[in-house]
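Everything below concerns the one structure shown next.
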Amino acid sequence: MTALLVTAVDENASLAPPNGGAAATRPAIRRTGRRRADARSDPAWVRWLVTSLAVIFLGLFIVLPLICVFNQAFSKGIEAYVAALRDPDTLSAIRLTLIVAAISVTSNAVFGVIGAWAIGKFDFRGKNLLITLIEIPFSVSPVIAGLVFVLLFGLQGYFGSWLVAHDIKIIFALPGIALATIFVTFPFVVRELIPLMQQQGTEEEEAALSLGASGLKTFLRVTLPNVKWALLYGILLCNARAMGEFGAVSVVSGHVRGETNTMPLQIESLYDSYQFAAAFAVASLLALLALVTLVLKVILEDRLVEE
Amino acid sequence: MSIATRLGGHRSGVIPGFGITLGTTLLWLGLVVLIPLAALFVKTAELSFDQFVAVITSRRALHAFALSFGLSLAAAFANLVFGSIVVWALVRYRFPGRRIFDAIVDIPFALPTAVAGIALTTLYADSGWIGGLLAPLGIRIAFTPLGIFVALVFIGLPFVVRTVQPVLEDLDEELEEASASLGAGRWMTVRRVVLPSVVPALLTGFTLAFARAVGEYGSVIFIAGNLPNYSEIAPLLIVIRLQEFHYADATAIAVVMLVASLVVLFLINALQHWSELRTGRRP
Amino acid sequence: MKISVVDVVKRFGDFAALDHVRLEVRSGELLALLGPSGSGKTTLLRIVAGLDWPDEGQVQFDGEDALSRPVGERHVGFVFQHYALFRHMTVFENVAFGLRAKPRNERPSEPEIRRRVEKLLDLVQLGWLAKRYPTQLSGGQRQRIALARALAIEPRVLLLDEPFGSLDAKVRKDLRRWLRNLHNEIHVTSIFVTHDQEEALEVADRIVVMDKGRIEQTGTPQQVYDHPQTRFVHEFIGESIVLPVVIAGSEVQFAGRPIGIDPQGIADGAATLFARPFNITVLPASAEADLKGVVKRIHGIGAARRVEIALGGEPEQTIIEVDALRSQQWRVGQVVGLRPEQYRLFPSRA
């Protein structure tokens, strides 16, 4: 059946051949009217439905609250917004938040590097258990995180009387807030570094040592640069959580405006006293922080992939 | 004999610093995490067993537990359903703004809980944009358990999506092509070929969302109403007992929550292990 | 079932993966699509299967337009390079999948499905693995299960994409032979894609040699090996000796001197001579041969001795390798004569 070369010339759908010149000699080839259905694509109505549902869901649960924050923050006008941020109690809350974040981020970054070194470059029994223990703060309610420090250092806590005797304030003061924040953000840096250090292995360090470098030098010049993006990533996430922590800090703080309020607590304080616009003004700062964190996160993730 | 060799040797005999780094790590871990948590159990131990049981089975406590665990379960389930829809759309389809939608999935992670709390309350209050629409229908969200539910869905949203996303992205295209070439319809292919590969990740995401929701405080207490025996979550009850200086009662409730969290943590690890076996990768 | 591919074009951006490909596949034959990577062979296979669509052209199964049907309706059995077995299903469930996927009114009963699956597993000699999972199987076993799964739906054509690519040499050889025997038994029209010419030559009824989206030659293994029609085919299949020559009138010249062979109708100008190593006779310098060279090196042991001969002077020296019979004794530095018994000339590319 040489008529296999049946080229069905369809009156309606003649396709312009690719080379204009050859048009005369080549028979018109019909582009078949088949569905362009891929073996892996869903029917059109499914695509529409699922996409719409996804967009509506995300819009409702994420976009709307964000818009609400900024909408409420500026509801009394720009001047009121700026005035709210310049309020002395709010300023001191911002200062306190920054200090606490600096302390916890530094502490957990140092710990993270040390811990990741021990866990990532060596094998030992109980390693997995150690990793699980380190990740405990992630699964503990922030309220419990605050509670445990009150248990230890509160007035009626185990060390309470000793602290009073030496006139040291932990609970209801900066040290308590810092401790609670350190607890809550404990695993952030180390869990970013461990898989990377493990994956990178020990060859480069061994090479450096064989060339005569000391342990510390090797660490600073070989190991650290190799993990710099993961370190930054961990610090970024740690900072975002540290600045935004509410539950744990709420328990250990004295809620004294101007003294022991971090920004989230100040937000609560303002909200509870019906100063809604001011509360949202402070909230808008933290929301901006969240957005900036996300942007940086995306950028760093690209770097991380290269690493 | 060095610590290292006693613990079973280490990867390389030449890399220094094992002892000191491991020691520091353990010390830090102990001081910051383990000892404080131990204090929890020590304090609870001050109660006799009967007192302990009385505290955690008091009417108020039981309500709080039921509310926290029940609503967390429901919210995690809602996130399972909608998270699946979202992740499918993000991974499989192209639509305008997809990359932005992909990025904003992480917002509940990054946004401080207090900010989320007041924003959601304002939205769903009777005078809010959404609450205002529903109030005439007799549906109240803010200051009811429904409000708590909404807040818990918010904070759990990224868990299912981010856990399933890499698995779905890495799914071998040839599996679906094979299924189609064998004559299976699209729904059958999704149900019998795609879904089983993704189930471990779905469960892990569900469990993570649940674990997060159970302990959530900041996003919830603004919208909750906080009425005992009705809209009072367990973490709030802990705080209240603390403020009353009933430390032991607070710790008793905290211990129950902690044990539950640890069980869930264990479950998550087991699920991740299972998923690794199934698909050869960590979700 | 016959397959006709008519003037199929497939582009990826500017790159033409398939450039007006025409092919007739005969019913019941085992056809190999052979070529280097990028030749378009896998693209062609996927288009026949329905996993890809051409930009132009037609594909017909027994005269009917195949492109109007999605892959699931074409009744093709596709075997993927990396098997694509469903790893959460047992071997049995994998093979049964296609049968269970049929719409209710066409689906055989469960006992019937069981019977068919067991028969197929016996056909591929892996009945004892029915309850195992794919991860518990070796590569060769997985490939046979993938084949059994494809056969379960009683396809009109079997399409195999580099079926033995991921296996090691010994397993590959065994499976090749096994596939050939299987085909002799079941006679389903089959097309398989490979870049391994040994495989194609050994297994296929006919070979389609492809390069850069075009078909270079179609023929039986014998035809393609003994009578390559283009320089690509000559070079790609089997070993070739390549000699740059110049055609001047009725003479073929190498290094300025005629070498006494027929120009085969090639036009004047630069050309290339292709020959198989065993088709060049090496003679002592005293014998009648216009083409001369110097022995550079002799290597190999036993029957497969190879002689490296340098032809022409600096700087255009060409070194060729020919087979040397055991009976012949050559020394390094010796001048020898060469006579191509069978050869092809192709004009050099511009």
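We just call them A, B and C in the order they show up, numbering each chain from 1.
Throughout what follows, a contact is a pair of C-beta atoms (placed from the backbone, for glycine too) under 8 Å apart; a residue touches a chain by one contact, two chains touch by 3 or more.
The structure presented is a predicted model; accordingly, all values stated were derived computationally and were not measured.
Novice: Using the contact definition stated above, find the chains touching both chain B and chain C.
Specialist: A
Novice: If you average the Cα atoms per chain, which one ends up farthest from chain B?
Specialist: Max centre-to-centre separation from chain B belongs to C.
Novice: Tell me which of A-B and A-C has more C-beta pairs in contact.
Specialist: The greater number of contacts lies at A-B.
Novice: Indicate the whole-number Å distance between the mean C-alpha point of chain B and the mean C-alpha point of chain C.
Specialist: Result: the chain centres lie 55 Å from each other.
Novice: Express in whole angstrom the distance between the two chain centres, defined as the mean CA positions of chain A and chain B.
Specialist: 15
Novice: Centre to centre, by mean C-alpha position, how many angstrom separate chain A and chain C?
Specialist: Roughly 53 Å separates the two chain centres.
Novice: Mind pulling the chain C residues that touch 2 or more other chains?
Specialist: In chain C, 50-51, 70-72 touch at least two other chains.
Novice: Quick one: which residues in chain A touch 2 or more of the other chains?
Specialist: In chain A, 39 touch at least two other chains.
Novice: Two or more other chains in contact with one residue: find those residues in chain B.
Specialist: Where chain B meets two or more other chains at a single residue, that happens at 177, 180-181.
Novice: Give every residue of chain A touching chain B within the complex, in rising order.
Specialist: The contact residues of chain A facing chain B are 39-40, 42-43, 46-47, 50-51, 53-55, 57-58, 60-66, 68-69, 72, 111, 114-115, 117-119, 121-126, 130, 132-137, 139-144, 147-152, 154, 156-158, 179, 182-183, 186, 202, 205-206, 209, 215, 219, 240, 243-247, 250-251, 263-265, 267-268, 271, 276, 279-280, 283, 286-287, 289-291, 293-294, 297-298.
Novice: Considering the complex alone, what residue numbers of chain B touch chain C?
Specialist: Where chain B meets chain C, its residues are 172, 174-175, 177-185, 188, 192-193, 196-197, 278-279.
Novice: Any idea which chain C residues touch chain A in the complex?
Specialist: So the residues of chain C touching chain A come out as 2, 4, 6-7, 9, 24, 50-51, 53, 56-58, 60, 63, 65, 67-72.
Novice: Mind pulling up the chain B residues that touch chain A in the complex?
Specialist: 4, 7-12, 14-18, 21-22, 24-26, 28-29, 32-37, 39-40, 43, 82, 85-86, 88-90, 92-93, 95, 101, 103-108, 110-120, 122-123, 128-130, 153-154, 157, 173, 176-177, 180-181, 186, 190, 211, 214-218, 222, 235-236, 238-239, 242, 245, 247, 250-251, 254, 257-258, 261-262, 264-265, 269
Novice: Which residues, counting only chain A, touch chain C once they are in their complex?
Specialist: 1, 3-8, 15, 18, 26, 29-37, 39
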